[in-house]
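Pasting in a structure now, in structure tokens, and then I'll have a few things to ask.
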Amino acid sequence: MFEARLLNGSLWKKIIESIKDVVEDANWECSGSGISLQGMDSSHVALVSLHLKSDAFDPYRCDRNISLGLSSTNLSKILKCSSNDDSVIIRTSEASDNVSFIFESSNSEKVSQFDLKLMNIDSEHLGIPDMEYDSIVKMPSNEFQRICRDLSLLGESVQIACTKDGVQFTSSGSIGSGKISLRPNITAENLDDTVNIELNEAVLLTFALRYLNFFTKATSLAPRVILSFKTEHPLVVEYQIQDIGYLKFYLAPKIEDDDTKQTTTPD
Amino acid sequence: MFEARLLNGSLWKKIIESIKDVVEDANWECSGSGISLQGMDSSHVALVSLHLKSDAFDPYRCDRNISLGLSSTNLSKILKCSSNDDSVIIRTSEASDNVSFIFESSNSEKVSQFDLKLMNIDSEHLGIPDMEYDSIVKMPSNEFQRICRDLSLLGESVQIACTKDGVQFTSSGSIGSGKISLRPNITAENLDDTVNIELNEAVLLTFALRYLNFFTKATSLAPRVILSFKTEHPLVVEYQIQDIGYLKFYLAPKIEDDDTKQTTTPD
Amino acid sequence: MFEARLLNGSLWKKIIESIKDVVEDANWECSGSGISLQGMDSSHVALVSLHLKSDAFDPYRCDRNISLGLSSTNLSKILKCSSNDDSVIIRTSEASDNVSFIFESSNSEKVSQFDLKLMNIDSEHLGIPDMEYDSIVKMPSNEFQRICRDLSLLGESVQIACTKDGVQFTSSGSIGSGKISLRPNITAENLDDTVNIELNEAVLLTFALRYLNFFTKATSLAPRVILSFKTEHPLVVEYQIQDIGYLKFYLAPKIEDDDTKQTTTPD
């Protein structure tokens, strides 16, 4: 028996919309500690890692570890049938080849139950090593979304440079080039608007905007995004889900061709 | 000479948008008692019946019964040219092969006149017998719209069960199944939010969601919808248009195949 | 060296969106008096003329007259990357084959620089003679936009008649005909809502709605539009850009075929 009830059901909707462009089919791993998901996009360039703590749910009952293989597209369809103030119960049993999503309106007068068929999905769990990053940027999530979207008008990739003076996003293409510079500001009136840069070493890395634009679908989940950079290592784009979990995206940097001036080494 | 002026012209817009997906070409029957329309969809599965009382209009002048054959698509185009607070005059004469729609702004400084060509449309008026229904459900119109739209994500038809405990909407398809249950509540703070069930006999009937989704375009016309069920008879989906008329849709139930467990007989 | 900074950068966005459907590639002529643009649409039916005074900008520095050949589509892409409260600096030098657009957020913590490649565009500057018009109509710009859009549902051209009684817009097509009449009103509560008609001579002229609909993209630039009519001469559709400049569109009247009853002579 597995059962997990989330009072604020609209969070499920936002989570699924955040990951469905990256991972189509994924195993939702349910255990005593909570619900986790890890998955790569079809071209194996980006990785999603999600964790929701068991104490986010009330009740939370997980008699035995269970893996729920689900299509993100179908999950998204089902969750669109919930209202924003519905509570959401996920329920299944070890023997079942279905999982139920139950939406209850706040006045309990409308109850919707949707049963999805479980799928068998091959997946290997990648261990993601803890590491020291060269540079960590914390900034408003909607500002990061805006920058990625704007630079997509110019080119396919963005070069990100972190120095003590700030962070620079650069892109170029056939119509011209664009460079967006953010200065660290720690005195904004609203704490969510500050740009913080923790710098061990300056970095200069290039990433595919296509994936960053997928990741920023998670903007509605959190007011802040945390970008962790390390030369020759994947970028981590992290959204904290209130105090109940996190959603992290990993994206390997692009290696520039020899005949371009840009390199992935910091300047 | 026929002339009918409606002060609240935006009502015409809502009415046309409500019926145009079901009936493309229809005769608008004008008589001393008011304006009526009856029409079937092109596959002869659904029927629309509209009536607006003559005293909804001021002035209302109908010297002789007259039938105005009009394309709903063209009517919709014309009415989109009216502003929401315009009054709308419909005017024609027996001899004319045109009908005029005249929109007057509330300050009378803008007057728009659109003339549509009348069409000859073959139609037979169906007598709809009064009957005793097994079960009548009165519920918020937007809730019914939402349920029909949500279940369309799963399957093509919805099975509706009315019992003394409430009304259940069930649909299933390749990705899974959904069941939405409403309990009768007669104590909601807002009367428009109540769900009332008058039950002579329990019913279990199946309908094509495609048509129900067409019908619920009328949601903006009325806060409540009345669903009248009778085994082996068409469902009536009724919207009352303020106190000046009604819009009713009729839809025959689907007969399930022998190899399915569901039947159209109540359980 | 050329540099011009506009505090209210969103104005640039509106200007480009207003002209880009009419002129694709155009030379922006920068001189001591300000920035001007003139261009025809690809079928040489409509002309755009824009002028922004130098004192709209602060600073404004133009060492030598310079002509910036730019694609409206690319300009539009770049300007969409500015926020509404950004200031916009345009900067280039005589030797450069680039022009820079620099957007600064109001708190100066975000700076974006976009460099566009300059193009060589053949163009001849048309002298537009001053003339006495037969009739000048000043009206709310959104009302003019609405009328052009509404009549497009019926036909491809609109016949505009100005008389002492008002201005009439007429269109007809296969589904019927429409006629929208505005009476001059000089007593509206809000001055922007008045319709003023200066009449030297009545006019009756026909124009292609396709172009008028392009022109009315400028509606967001100004609450009022000024229409200047003269028989056998182009219509002028003028939007004043605050007190810093203007955007004018010119459109030649359609000459009706002999076999139609309508003519371009006033009745």
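Read from first to last, the chains carry the letters A, B and C; within each, the first residue is number 1.
Please note the rule applied: a contact is a pair of C-beta atoms (placed from the backbone, for glycine too) under 8 Å apart; a residue touches a chain by one contact, two chains touch by 3 or more.
Since we're looking at a predicted model, the values are computed, not measured.
J.: Chain adjacency by touch: line, ring, star, complete or other shape?
T.: Shape of the chain contacts: complete, all pairs touching.
J.: I want to confirm something about chain A and chain B. Since they are copies of the same sequence, is their interface symmetric in residue numbering (over half shared, so same) or not (under half, so different)?
T.: Answer different: the two copies use largely distinct residue numbers here.
J.: Let me have the rounded angstrom distance from the C-alpha centre of chain A over to the C-alpha centre of chain B, please.
T.: The mean C-alpha positions of chain A and chain B differ by 44 Å.
J.: Chain B: which residues touch two or more other chains?
T.: In chain B, no residue touches two or more other chains.
J.: Quick check: in the complex, which residue numbers of chain A touch chain B?
T.: On the chain A side, the touching residues are 71, 74, 77-78, 80-81, 98, 107-117.
J.: List the residues on chain A that touch chain C in their complex, please.
T.: My answer: residues 143, 150-151, 153-154, 175-183, 185, 188, 195.
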